[in-house]
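Given below, in the form of structure tokens, are the structures.
Shared between the two complexes below is chain A, which has chain B as its partner in the first and chain C in the second.
Our next item is the complex of A and B:
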């Protein structure tokens, strides 16, 4: 059994992350251009988001998958009430392609906050299944075609309130909250 | 053991993309609820459907220990989430909080001094060993091997005391802060660490005889819960579970943070993908972490002491704080940090915890609170493995597979 151990340095590194990210980014951009999906770029520190249209997101995802981005590390949603939008980004990377392994590229869409709906990408990336359920309960984004769309972490009553939206305000409780007046006076 | 992979379950070896549909209950199929209370690592329920004694479907039902980490992270400023987030896995506190701190550092544009980086790595590796030993203990009790449970829990105490000596707290250390760490090593720490390393090496040998080469244990783990390489990649498994399936992926090498690129260590990878392979990965990783601790302690002993916080922060220290830092090696948090503002932008910070890759997506709008903190913990990514690894096995294999995945509910539920 011990013989099966490989020295991982020979397989993947060591290398500079910036170079990997650059390689991953150009690979992703090429893949999207090849299938004719237009996109805009949003820079982040340690990753890059490629923003596409909701109608072309499935084609874009399939292209990225074929280009070697084999799993989702995070389905990240952010609520922007001022712009009336919710951003959903699939941060993906690769395990099996050593050239781009670890470089995080985001496939992002902006959805209208009033009725956020997009096609599920679980059929492209199996690893997105539970994370889409999470975005569903916390933000109320409806994923069309998801095999099993129901709350993951929250109880149904709380999930209906979509607690990670900005208009769900956490109220600070005082120490004596709910304690009857006569007990409070001691 | 040969390198041959035995294939069970609801997927084929050629894989392709086949999402297992849920809720397909047939005739003569019984639904069994396992948990949320069980003698394991916490509260989590697996709903399995069995045909006779064979699992046909598994539906991991999680969320029993959800503590709204992401929401609370948006209302408590930039510093207070550090002690909050480490509650996800208190025995792995430094590994869990460090990526958040690094994401904030990226946004602030500060960097920890070299000595602080070594100190962070030191605590990370102490935590990694403690985390693996904790996982081992739970795994053993799952298998009914109570001796190994006692041993692992007892030996974990050695590393908890080491962490206490370094940080002042046994578990929730809150050690890394943006721009540095909170304490330097105390007098006599290097020798204490070396002694712990020598002790643990001997113990690993005893673990091998007692547990890993125990025919009963091997018969329960070998060829059980096989996850082939392609499936592990599809499911996005992380940490020892991915490395047990032949994926050579470790954040410490993929994106060398702190001083991991200056240290000499190996990342063990096994290709079998079964429960035994995942167990071996963890044992090997303990041995590698011991090597790292030795190197780091040597470095810390040789090099002269220097401030353990970034220069831009050190400059703002009043004389009293500077004196405490020089005489006792303790970096005090300055009051302005509680209400500090962080430049707008988004950053991803990640690290390799004991259980695998953790990712923080931190977005700032330039205010006193993070605008959004998205946390993806290793257990949250590993939980999908239950759905794909369990079908095809007998119910008696469930504890062995659960334990070998080292799944930790408080971490997954956040």
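Our next item is the complex of A and C:
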């Protein structure tokens, strides 16, 4: 920590995001290789996801944390109904390490859509707690070992339907639906 | 009470009225309406992003306090609730509980397109219309409405209270006549009883 703060004092001026992302990415890859976690890479413009196995996700998270990625920016999920998979992605970056601060790297896992279950990473990054609850209610992903896995934003009846899954049908309303007769007449 | 007039508090007028009341020249009902119109204290219940404009209304630039409205924190000391934007299903319970804690007679303003009919979140699975939760007096369109619109709504509510004798008649009857049009509280607050954790 102290060392990181000392380094922070030496930094002047902002850098381009591509540079920061590159630094963060190579740091993350090194960290995963050092602990022997195999991973594949998905990347697009401005983002990079390191996809690991469900079994090694906790080890990968611990390695990333030790390498300086000290907090989770967001936890999100993507539903792939055709491939029968759900991808859960943890976006991590650093506050204290100026080398990689602001460079956001994703740590992703693919889960079977029928029974999505993975170990919770709250023991590694505390800031993941509420976001995991959100993924739990919107996608139905179970996080093993989460301290308080309850729906966060939705009422329980709605959370059971997992509204952000692709097969959730939004009921289209007509303009006057549900309007009492006395209001409709004006 | 001609149209378009802004009703402002004035100490001289107030003193004159107080004298007239004491002498029995003015009906007490009228006094009640007059007093209610100039003490519309909105409770600051932030349901969504419209609240920034609501806060701006009572900031130094737009100075909503000149109309006799002062945002207050506790619902027990307020008589106006401004629904500030989208009301989600869980928040609907908070709105309803706050509404029930406010003393009678109480008024409600629905602010923003979301509070009218969903607005940006039309067709969403998690949004309720505030007029199903509590009875609404005034609607403000806009996304978000400007602070002037909020001030206009307050002035409009004052006009309505004074010209239709709303407050005094409600006090006489002991309840709002449109109180029964809203859905029962159970519809919005039943989720609170569900124990944790919920099996999915």
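Worth pointing out:
To be clear about the criterion, the second predicted complex is superposed on the first by the 165 of 186 C-alpha atoms of A that agree within 3 Å, B and C clash if a C-alpha of one lies under 4 Å from a C-alpha of the other, contacts with A are read in each partner's own complex, and residues count from 1 in each chain.
In the analysis below, a residue touches a chain if its C-beta (ideal position, glycine included) is under 8 Å from a C-beta of that chain, and two chains touch if they have at least 3 such contacts.
Only a predicted model underlies this, so the values are computations on that prediction, with no experimental measurement involved.
Contact with chain C, but none with chain B, is seen for A:140 once the two complexes are overlaid on the shared chain.
When the shared chain is aligned, no partner comes close enough to touch A:167: not chain B, not chain C.
After overlaying the two complexes on the shared chain, residue contacts for A:95 are found with chain B alone; chain C is out of touch.
Taking chain A as the reference chain, the count of touched residues is higher for B when chain B and chain C are set side by side.
In the superposition on chain A, contact is made by A:156 with chain C only, not with chain B. Looking at chain A, you'll find residues 148, 151, 153-155, 163, 168, 170 touch chain B in one structure and chain C in the other. Residue ranges of chain B in contact with chain A, taken from their complex: 1, 3, 17, 19, 21-23, 62-63, 66, 68, 70-72, 75, 103, 106-107, 229-230, 232-236, 242, 247-251, 253-256, 261, 266-272, 276-277, 280, 284, 345-350, 357, 359, 361, 363, 371-372, 374, 376, 380-381, 383-384, 413-414.
Here chain A touches chain B in the complex through residues 1-2, 4-9, 11-14, 17, 20, 44-47, 70-74, 76-79, 91, 95-96, 101-102, 104, 122-127, 129-131, 138, 147-148, 151-155, 163-164, 168, 170, going by the rule given at the top.
Across the complex, chain A meets chain C through its residues 136, 140, 142, 148-151, 153-160, 162-163, 168, 170-173, 175, 178, 180, 182-183. Taken together, the chain C residues at the contact with chain A in this complex read 88-90, 117, 122-126, 129, 131-132, 181, 191, 194, 196-198, 200.
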